[in-house]
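Every chain is named by a letter (A, B, C, D, E, F, G, H, I, J, K and L) in the order it is written, and numbering of its residues begins at 1.
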Amino acid sequence: MPKTVFVLNGPNLNLLGQRQPEIYGSETLADVQASCAALSAEIGLEMRFEQSNSEGTLVDLIQEARTAADAIVLNPAAYSHTSVAILDALKAFDGPVLEVHISNIHQRESFRHHSYVSLRADGVIAGCGTQGYLLALRRVATLLA
Amino acid sequence: MPKTVFVLNGPNLNLLGQRQPEIYGSETLADVQASCAALSAEIGLEMRFEQSNSEGTLVDLIQEARTAADAIVLNPAAYSHTSVAILDALKAFDGPVLEVHISNIHQRESFRHHSYVSLRADGVIAGCGTQGYLLALRRVATLLA
Amino acid sequence: MPKTVFVLNGPNLNLLGQRQPEIYGSETLADVQASCAALSAEIGLEMRFEQSNSEGTLVDLIQEARTAADAIVLNPAAYSHTSVAILDALKAFDGPVLEVHISNIHQRESFRHHSYVSLRADGVIAGCGTQGYLLALRRVATLLA
Amino acid sequence: MPKTVFVLNGPNLNLLGQRQPEIYGSETLADVQASCAALSAEIGLEMRFEQSNSEGTLVDLIQEARTAADAIVLNPAAYSHTSVAILDALKAFDGPVLEVHISNIHQRESFRHHSYVSLRADGVIAGCGTQGYLLALRRVATLLA
Amino acid sequence: MPKTVFVLNGPNLNLLGQRQPEIYGSETLADVQASCAALSAEIGLEMRFEQSNSEGTLVDLIQEARTAADAIVLNPAAYSHTSVAILDALKAFDGPVLEVHISNIHQRESFRHHSYVSLRADGVIAGCGTQGYLLALRRVATLLA
Amino acid sequence: MPKTVFVLNGPNLNLLGQRQPEIYGSETLADVQASCAALSAEIGLEMRFEQSNSEGTLVDLIQEARTAADAIVLNPAAYSHTSVAILDALKAFDGPVLEVHISNIHQRESFRHHSYVSLRADGVIAGCGTQGYLLALRRVATLLA
Amino acid sequence: MPKTVFVLNGPNLNLLGQRQPEIYGSETLADVQASCAALSAEIGLEMRFEQSNSEGTLVDLIQEARTAADAIVLNPAAYSHTSVAILDALKAFDGPVLEVHISNIHQRESFRHHSYVSLRADGVIAGCGTQGYLLALRRVATLLA
Amino acid sequence: MPKTVFVLNGPNLNLLGQRQPEIYGSETLADVQASCAALSAEIGLEMRFEQSNSEGTLVDLIQEARTAADAIVLNPAAYSHTSVAILDALKAFDGPVLEVHISNIHQRESFRHHSYVSLRADGVIAGCGTQGYLLALRRVATLLA
Amino acid sequence: MPKTVFVLNGPNLNLLGQRQPEIYGSETLADVQASCAALSAEIGLEMRFEQSNSEGTLVDLIQEARTAADAIVLNPAAYSHTSVAILDALKAFDGPVLEVHISNIHQRESFRHHSYVSLRADGVIAGCGTQGYLLALRRVATLLA
Amino acid sequence: MPKTVFVLNGPNLNLLGQRQPEIYGSETLADVQASCAALSAEIGLEMRFEQSNSEGTLVDLIQEARTAADAIVLNPAAYSHTSVAILDALKAFDGPVLEVHISNIHQRESFRHHSYVSLRADGVIAGCGTQGYLLALRRVATLLA
Amino acid sequence: MPKTVFVLNGPNLNLLGQRQPEIYGSETLADVQASCAALSAEIGLEMRFEQSNSEGTLVDLIQEARTAADAIVLNPAAYSHTSVAILDALKAFDGPVLEVHISNIHQRESFRHHSYVSLRADGVIAGCGTQGYLLALRRVATLLA
Amino acid sequence: MPKTVFVLNGPNLNLLGQRQPEIYGSETLADVQASCAALSAEIGLEMRFEQSNSEGTLVDLIQEARTAADAIVLNPAAYSHTSVAILDALKAFDGPVLEVHISNIHQRESFRHHSYVSLRADGVIAGCGTQGYLLALRRVATLLA
């Protein structure tokens, strides 16, 4: 039976490709979703792709993953740095968690250097552009194999 | 006329009994609600019991308490450490506020040692397990007597 | 064609005039809205006035302003100090951003001295009471002229 | 056979009711002792009640509890913030330890926000006035049941 | 009888329009004085406009304002960040104090983020360019009305 | 009726004149007592002079002063830097408290720069050698006059 | 031949008795000068009494003291906390330096807790009101005897 | 013409598979080299694989890469946290740099949370085990394509 | 004439062998005393062995050593981290001081990493179990030889 | 046409050779001026040499240099560490700025380790004694050539 | 079969006896080697004695000890404070590790107070001069017995 | 007999002129060596010029200088900020030490603001480009004269 992965996206990622292209590139979130869908199909994963600007909704989605998913790929965006609630939700999830940042957060403002999510994530991939999602899916496939 | 207390619960507490039982025990939030209801009845308090994963919804509930409740018992969970908005909502509430943490937050990660809610709470009860809710209700009863 | 400005208000500002009048004065948010509407009409600005207790909703409103507004006047209240998500949304907005605080946040608790929003705002007006909104609108009018 | 609890009080608590009544209330330590005795009798606990201004004497009392008591309720007062010796003594005690502060220490000077005792205490109750002792005894009774 | 306001300017503001125009714009201090004079006349304020590079002279001027002025608008420039003497002088002044910064100091070097003057100022206006002086005068007029 | 002052000395001051004379001089504590007695007689104060190496004993003495003394002159020595218990005892004393340090503690190790006692003392005299006691007694006489 | 002492006063002390009387009392600087003159005469000291709001002028006065005075009593006021220049000038002076603060600076804002002048002063007297000047003169007399 | 990538490994990685297998797994560095060689061949990259315990040798290798390689994959191990020299060498390299950590350094001792190398790396992959090398090679292939 | 060494033990060391054996081992303090006595006899030292839970008593013992002992071996336990009074007493002792910690304090809680006693001790021996006392005695013998 | 350099000296440098010769040597400022004049003549620079104890006067001199000088050599002395006003004045100067410290400030008190002036200076020369001025002039000559 | 111990010495210890004799004494490293050899023979240990100025070489030696030695005595000198690589190498060694510092590092510059090596060492001996090596060997003998 | 100076260069300086020319200029290290040789000859100094990427090799060279050189000019590059070993080697050298940085390190990343080498260097020259070496040689010549 195929494994399921939730690919979750935090605040403002719905604007991907429209804001600060010098940092985030010109691909849109729909482009990312398409690439993730293609690779998931190729490597035998079911995928659900969501985005929300709301911390509470992201907590809800992670809680839902507890029964509906085998792994989570999460780009927490701004909530990386401020959300203990998301960290706690992830701690209640038993499967692999991969954290993705499109840009290299260590070269940006100092408040972006710390991520609460990293305290729970199994792996962290930053600065690989939107390819980071695909690398994370490959890692998930390996861990769930 | 009986006094009313709001018992409010923050993010991920809906998972109580299901996640990290070594920290939070095996009782569910429904169990806690039942215990609180029983004790409230015994000591003559009306009680409303709510949980939300959303910071904004918790602010809404606290604002609602301004006219609908005489006291608040609040387990802010992760928002203890990050929410100035909840602190500000509590500052607009005139009655007693009791803060409850199931675990002893002072023995966990350092970012859990500080609580914005404690800057407004009249009393803080931590590390007494789910009995902490009941102790808080007893304190509320005394203060409202 | 007239320019449009969004005047956005963060958590607990719906209680304006009802809580801590020694800090925030006795005017209500409806009073502020009325004053803003009057001045906007006088100086030729279209205005939309919103308040939310939810960080995610405020992010949504700022994103909406990207196409619907020429400028933003924002009183982020408690989220000034904790929300990177709002900062990131503002960074995706191209027009002028004016940050307003009714009280002088530099004379309050130390955690209110830092504002993420100030890292993007063009101008910051604090401690001018609700007149701060009107001063901000005047600045917006100058910048959009 | 009834369980025994030591209720230990740190420096200056012998002045309770006489100093800073706006913080500590007007009850004396003898009043607290009487209330604790009454509740202990009601819930079936033997109780010994002591106060000392000396850190060394408090260490001695805690060491004595190792063989003479099943639980400790401790209001360490000023030594909360400065005594590693008391922490170490408590670490050598196997039963439940409940820490009580009459006032909410998180709203006082910053050096009162940290308690060494909290690093060992099972539960911490602050800001519930002298009722905090009674709540702690109830918790002890549950834990020893 | 008309009210009097002192508009005081700190070190290097005599170079306004000549240095770092990307931060401070191209208006000179004489231009600012003219704009302030015009608005003061319009809203019925007497105005005195001064600049000094010397901390002691600024202290003298603020002391003089105790008897000669009803309000102070102050752009303390570099002394914002280093002068307790100016803060103390302002504390001895009873009327409204408005602090103005032409640039948004929160987006510059970290040592410019803190202002001693803000500890006394009633209102703070930053990042509104030289229009900040005019907004401050409007606030003064309201406060003195 | 003459006023009474307690002159209290903290740990190791019994060695005065014997240890580190380059810091503390060659006078013994008995010499200091004699000088204090002489000046007290001259300016009409009753004086009691005590020294202890024990924090608890110093707390006891300060508590005793609540009914037996009108003022306290205290050289807390090492406990200046570590004792919240002594601070709390002093807070329960209503009369003037003068803190004396023989050496200028601001020129010694950094952990000697902070004194808990200074948070309650009315006056602090440091670096005036043993004459500091006499200056403190003069100040006490003025305050009790 | 009589010894000479300079009594120097820093910024805003010319307002003594007029500003913040709850902190500084109602005596004026002229009153202080008169008291100092009287005591100096009594104990055989020549005295020169000066005040300046300017850091540079205070440096000049301290430099002048190198040849014209045997000791300095200095109330550096705000410059205590910010002036390395005054510290360096004092380091070039060989005689006794007594630092006086009318209020107990350790109970005020945290930026007033540190004094550069204390790094050179032989003695520091704080919180003894304007009597602090007189105590300092007595200490000077002893040191110059 | 095929692109060349240097895969460089820092101190103690020669012990991979032999030390702390609970952190680093049981694969040896030779295993990693073989996997990297296989994937490089598959995706058309020339690869050179080196390890050194010496900071200076790693600097030499990075300098050599300036003319001999198109990209660098670097697991700096302990030198991540202490070597500015390696950072400076990387700054002199123009091609893509991918930083790999086998474990999630954010869940280990706090001194491992900061990496100088991240200040130059284009991408950072941590906590993906030895698969991290392969993910990095895929990213390199994309960037060099 | 044989040299005398005081072997002094701080709070809770009377429980040695009874508490936290995974840190402190199973030897009792009486065992340590016996080993120290045996080695002292072998290497020609007179030894006095004391333990106290009271900071003041330890200060008294160190002061007594000034005339009664040639060297001190001190395991200050919890007071290592909090007692300036013990440091000051040791500073008044002229002979060698050896500080012993049974466990390696650098691998425990961060507040145990700093020792005031180390600021005076000639040598510090940590993490050698109770053999640390014997190593310290050997060092004392060498220094007194 | 010869280039002009201003050599400016901060507070207390007029005492050079008279104070703390172990730090600053025995040469006077007149000696330094003579050496600078000689070298300037030799290498073809016009030189103006000034000293002031006043921060404001130093700001004035730097402003004057904007039109009257091609380069500035500045020994800011104590104002290095405290003056943002001097930094801002230097930022308005377009030519080379060389900062000179006679002593090696990195080996003195920690508050002397940071220099605001270094944030603008092109070069910094410390610890080369008064020869530092001459080295700075040589650098100026090279930069203006 | 005799046990083997590596005695390893970090940078600049080859200069022992030649540099800073007031800190390190006059014995040379050859003297220390001889003493260690003598004691090792006496207590039945094989010993290898090495020194290197290179961090990488020390890592190599520690790695070699994994198969060639039963215990390590290490004086890491300057690398104590800066080398995570040496710490990691030691973590890959299973036997006892004793850390030796000739001087008491806690009384020197603050950057010498922290040792990465102490995070792995079983025991730490500081300030016992070169005798520290011998004490460490005794401890090793006990642990390997 | 001519004096000898070692001119030593730290990591990556062999790339001078090839990397980051906007910071370091276009001169190569060979150019610098030639300039140094020319000036040394002119002012009568023997010179040896070395570069290494290895911290240990730099320590070796400094140790060699103890017998082979009268002075050291050192550009420690990245090791300025991380090497206590180099500091310790320099402390064992008796002659003058001049530290050179080509760029003004105080205007770069904050971790470049602190130099261990400055704790021993007699003089520090930064931001004077490669001319800094020549200025340092002139200073050496003066000190050795």
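Note that in this section contacts are C-beta pairs under 8 Å (C-beta built on N, C-alpha and C of every residue); 3 or more make two chains touch, one makes a residue touch a chain.
Since we're looking at a predicted model, the values are computed, not measured.
Common contacts of chain C and chain J?
Under the touch definition, chain C and chain J have E as mutual neighbours.
Name the chain pair with more contacting C-beta pairs, choosing from K-L and I-K.
I-K
Thinking of B-D, which of K-L, I-K or E-J forms a repeat of its interface, with over half the contact pairs identical?
Overlap exceeds half of the contact pairs only for I-K.
State, to the nearest whole Å, the distance from the C-alpha centre of chain C to the C-alpha centre of chain G.
So the centroids are 48 Å from each other.
At what distance in angstrom does the C-alpha mean of chain J lie from that of chain I?
Roughly 55 Å separates the two chain centres.
Considering chain J alone, which of its residues make contact with at least two other chains?
Residues 54-57, 82, 119 of chain J each touch two or more of the other chains.
Among all the chains shown, which pairs meet the touch rule set out at the top?
So, checking each combination of chains, I get A-B, A-C, A-H, B-C, B-D, C-E, D-F, D-I, E-G, E-J, F-G, F-I, G-J, H-K, H-L, I-K, J-L, K-L as the touching pairs.
In the complex, go through chain E and note every residue touching chain J.
Answer in residue numbers: 10-12, 14-15, 18-20, 52-57, 77-79, 81-82, 109, 111-112.
Please give the residue numbers of chain L that touch chain K in the complex, ascending.
The contact residues of chain L facing chain K are 54-57, 59-60, 63, 66, 82-85, 87-89, 91-92, 116, 119.
Which of the residues in chain F end up touching chain G in this complex?
Against chain G, chain F makes touches at 98, 104, 106-107, 113-115, 118-119, 121-128, 131-132, 135, 138-139, 142.
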